[in-house]
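Multiple structures are listed underneath, in structure tokens.
Each of the next two complexes has chain A plus one other chain: chain B in the first, chain C in the second.
Now for the complex of A and B:
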């Protein structure tokens, strides 16, 4: 029984990856051939030469970087206040930050679509980034505030007593101690933005075309090899992040929640 | 301390950004659902879209009740199946010293929905990998012989997607509860002669049930309001509510947009109601 569960666990994880890789390097693999007969890199090369694929990856990357930076800048002070202070209205602040995690992206995107069309943000990198920010910010705040809840301010007091300047305290103590959580929070924001489809579609309005948008279109009725290559490129960043943050993830796994 | 800012000042930027964008988007959504669409100079408040949707007579409205039923069925079935599987997985993982398995669960959690749905399409479609293997084994002759498991009219593909994809999220919740327990209860029960099954039934499950239920409600809300997966793994009719809402929101006929907006707001209300129940449950457990 144990082995069955474990086998299923890894099958579910590895099977899609394996399929994407196999499909990316074959050509003309159709029903009823059980396995591909021809191995080639031309399909993959053709996809990589396609300016739309590269452009989509680049746009998605730029947006995800903007989103992670903005989330971090806005979330850091907020998380510190929530994690370390008791004050009136704390519950309300929690609630406001919690709301975007339950209001469906569909409703947010449809409303923002109208707003952004009016203010000229629709179809721009900045507009799409701001829309993504709504869904990443709560998670960045929650990840950082749970780290701040375990943070000991006395280190800062000590440094202050020893004559350190606020800047020195911030860079040498606060940032250093928070680094692991900051890395995790940034990566999560990046991944959530990178895999966002609906908000990009609704705000980008056909002008901002990221990889998930291309993948969705391909998956709605395209060539399996094209679909597989796009999927592979699409899951590459998440896969790398998981591999490199394995230890942190074991502690923060639940923070990723359900934003994909 | 002199460099300690007021918590209100620290929170202000984040809260302002969220409030403005969320508030404005809901404001425009509600406005448009009442038929006020400025670009076409329509500025009289009307309840037509609500009437058309709820009475099942409008362009989108005629499908509303069917879609609502379809979405409820798919969300409920997926939530129940994944909760049951998550409970099994968590009980198994809790007895596991091996952190690698927990990591695998995390990896599965981080796998994007869009890519997972794509993989299901490639595996389960009638000319997909499983159909090819079935043909190689001589079970079927042509793709049409393979059962329709994705893009089917019962939502099987969507249920298949979520039943597996939501296991890690729920399993980690259950695992969190199990790992936070003092090991005592289980040992006491064992010392009192409880069998493995009895310990599971009377000790473990009652402990994790409240948290699992709260998590399951969140999962239900997520599935109920998601677009990509039912759009990729579903068919034209019956279609899930979010697919219906977006289809009419993007309709060239601007009049139909209001109906799309009404449906989107109904989805939001249902999801918010479910989330409130989930939060209340979580609070009561603390």
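Now for the complex of A and C:
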């Protein structure tokens, strides 16, 4: 029974993906035909030949990398303060940092668009990246601050008492101790940015085209093969990132477990 | 919180800060290490203030109750950490680590992971890591408190040996009286952020200078009264003879529980009392006796007869063991 349920679960998760793969390599598979009549790579070819596809992937990737880096740099000190210190206004700081998760992105996007148009950031990669930060920061701050809440500062004190300078402590101790959580936080930031549609569209103003933007356009176009191909391309990088970090995380997890 | 705290330590000396939790003993070490900041006052090494020196340049290392070995480094990398931070060449570090491992009695475990060490081994490695940079001052903050008794005894002896061998000035912090006495050249009793006594362990044990210090080293019979002509008129228990005939005026005398005797008949300096409890402690018999308003603990060396609850006895205070303490 357990195995049946497990098999069903996997089926539910994998079925849409399998369908995408089938759709990607067929043309004109319509109800009530039980199987595709014709296998072809022309739709796939067509999608790959379109410069917007690879361009969109590349731009989305660049933005996601910038956003991940900025998120880490901004979230790290904030998370440290929230996780390790008690201070006046801590609750308010939490609230402000988490506001973007409840405020509709449309509301933020409209306001930001007006502001960015004035300062010349609208329609630029930097502008879109900054807008994405609003969505990614709550996740990175949350991941890192819960790690800092379990963090033992005495490891840093110990390093200090052994003659390490503050910079040496940061690079040799703090970053090493935080590596697993930093990987998870980066992963969150990357994925949230990679799949961001609305803010990219609003701030990018048609100049910054990422894969989600193309995907939404294709979805309203109604050609299932095109949708399928773009969906697959959309899933591929995050899937690779997760596959890579899962191994890393597992290793770090074991290292840490040995301690206790 | 420390108030009116002053302590000077000689070169090569091992000094213990002894006090209950919350007395401020760890704070002293953290201030010297630069982990916490001093509000006012001064810390001097060889007569020179170190307050303006960067914490990592002070040459004072600290070891905690938990070993805080870095989990992502192996034993060798942990011990070599301080040297690596100073930019010492890897080949030199390797030699030093080897020397340290044989000093702490664990040769050949360079490549071992930190998670594979026992509690005692972890503390030995932590000690090696602290000593490898040849610091001017070694500070140990209850390094043995979380270890089993037998491991602890071994490490007490090992630390003392290594300290003597290297001649390194050491401050040892503990709340355990017997550990403090076994480990130190001099010990300071720290109560509520104040040094109440600072002297050799045997002096402090037998002749604590004040009531608070005396209580901390296990004295609990204090007789307060008017002294004159070799007698103390103690308000609670009556007249007691003193060895010191010159003492005149209001004063407090105390006696260690090991020096009190229990007997059936009345003699000089014996006080009538009732046995409250009688516990067999192995090396001694511990008897609680009520003396009118006071209660005192008596430790009788074994073998000794057990006493029944409610038994009427006489508690004898030998005059030669009564000593004066400041109130």
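Assume the second predicted complex is superposed on the first by the 230 of 260 C-alpha atoms of A that agree within 3 Å, B and C clash if a C-alpha of one lies under 4 Å from a C-alpha of the other, contacts with A are read in each partner's own complex, and residues count from 1 in each chain.
Operating definition for what follows: a residue touches a chain if its C-beta (ideal position, glycine included) is under 8 Å from a C-beta of that chain, and two chains touch if they have at least 3 such contacts.
No experiment lies behind these values; they were computed from the predicted model shown.
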Winner by number of chain A residues touched, once chain B and chain C are compared: B
Partner chain in contact with A:157 - chain B first, chain C second, else both or neither: both
Partner chain in contact with A:114 - chain B first, chain C second, else both or neither: first
Which of chain B and chain C A:168 touches, first, second, both or neither: second
First (chain B), second (chain C), both or neither touched by A:176: second
Touching partner for A:6 - first (chain B), second (chain C), both, neither: first
Touching both chain B and chain C, residues of chain A: 157, 160, 256, 258
Chain B residues touching chain A - in the complex, by the definition given at the top: 1, 3, 5, 7-11, 13-15, 17-19, 21-22, 24-29, 32, 39, 88-89, 92, 99, 101-119, 121-123, 127, 129, 131-133, 135-136, 143, 164, 166, 169, 172-173, 176, 218-219, 221-222, 225-228, 231-232, 242, 245-246, 249, 260-261, 264-265, 267-268, 271-272, 275
Residue ranges of chain A touching chain C (in the complex, touch as defined): 152, 154-155, 157-165, 168, 172-173, 176-177, 255-256, 258-259
Touch list for chain C against partner chain A, complex: 30, 33-35, 54-57, 59-64, 66, 68, 70-72, 81-82, 85-86, 113-116, 129-130, 133, 139
Chain B-facing residues of chain A, complex: 2, 5-6, 9-10, 12-13, 15-16, 19-20, 23, 30-34, 73-75, 77-78, 80-82, 85, 87, 89-90, 93, 96-97, 99-100, 102-112, 114-115, 117, 130-131, 133-134, 137-138, 141, 156-157, 160, 166, 169, 191, 195, 197-198, 212, 215-216, 219-220, 224, 227-228, 231, 234-235, 238-239, 241-242, 246, 249-250, 253-254, 256-258, 260
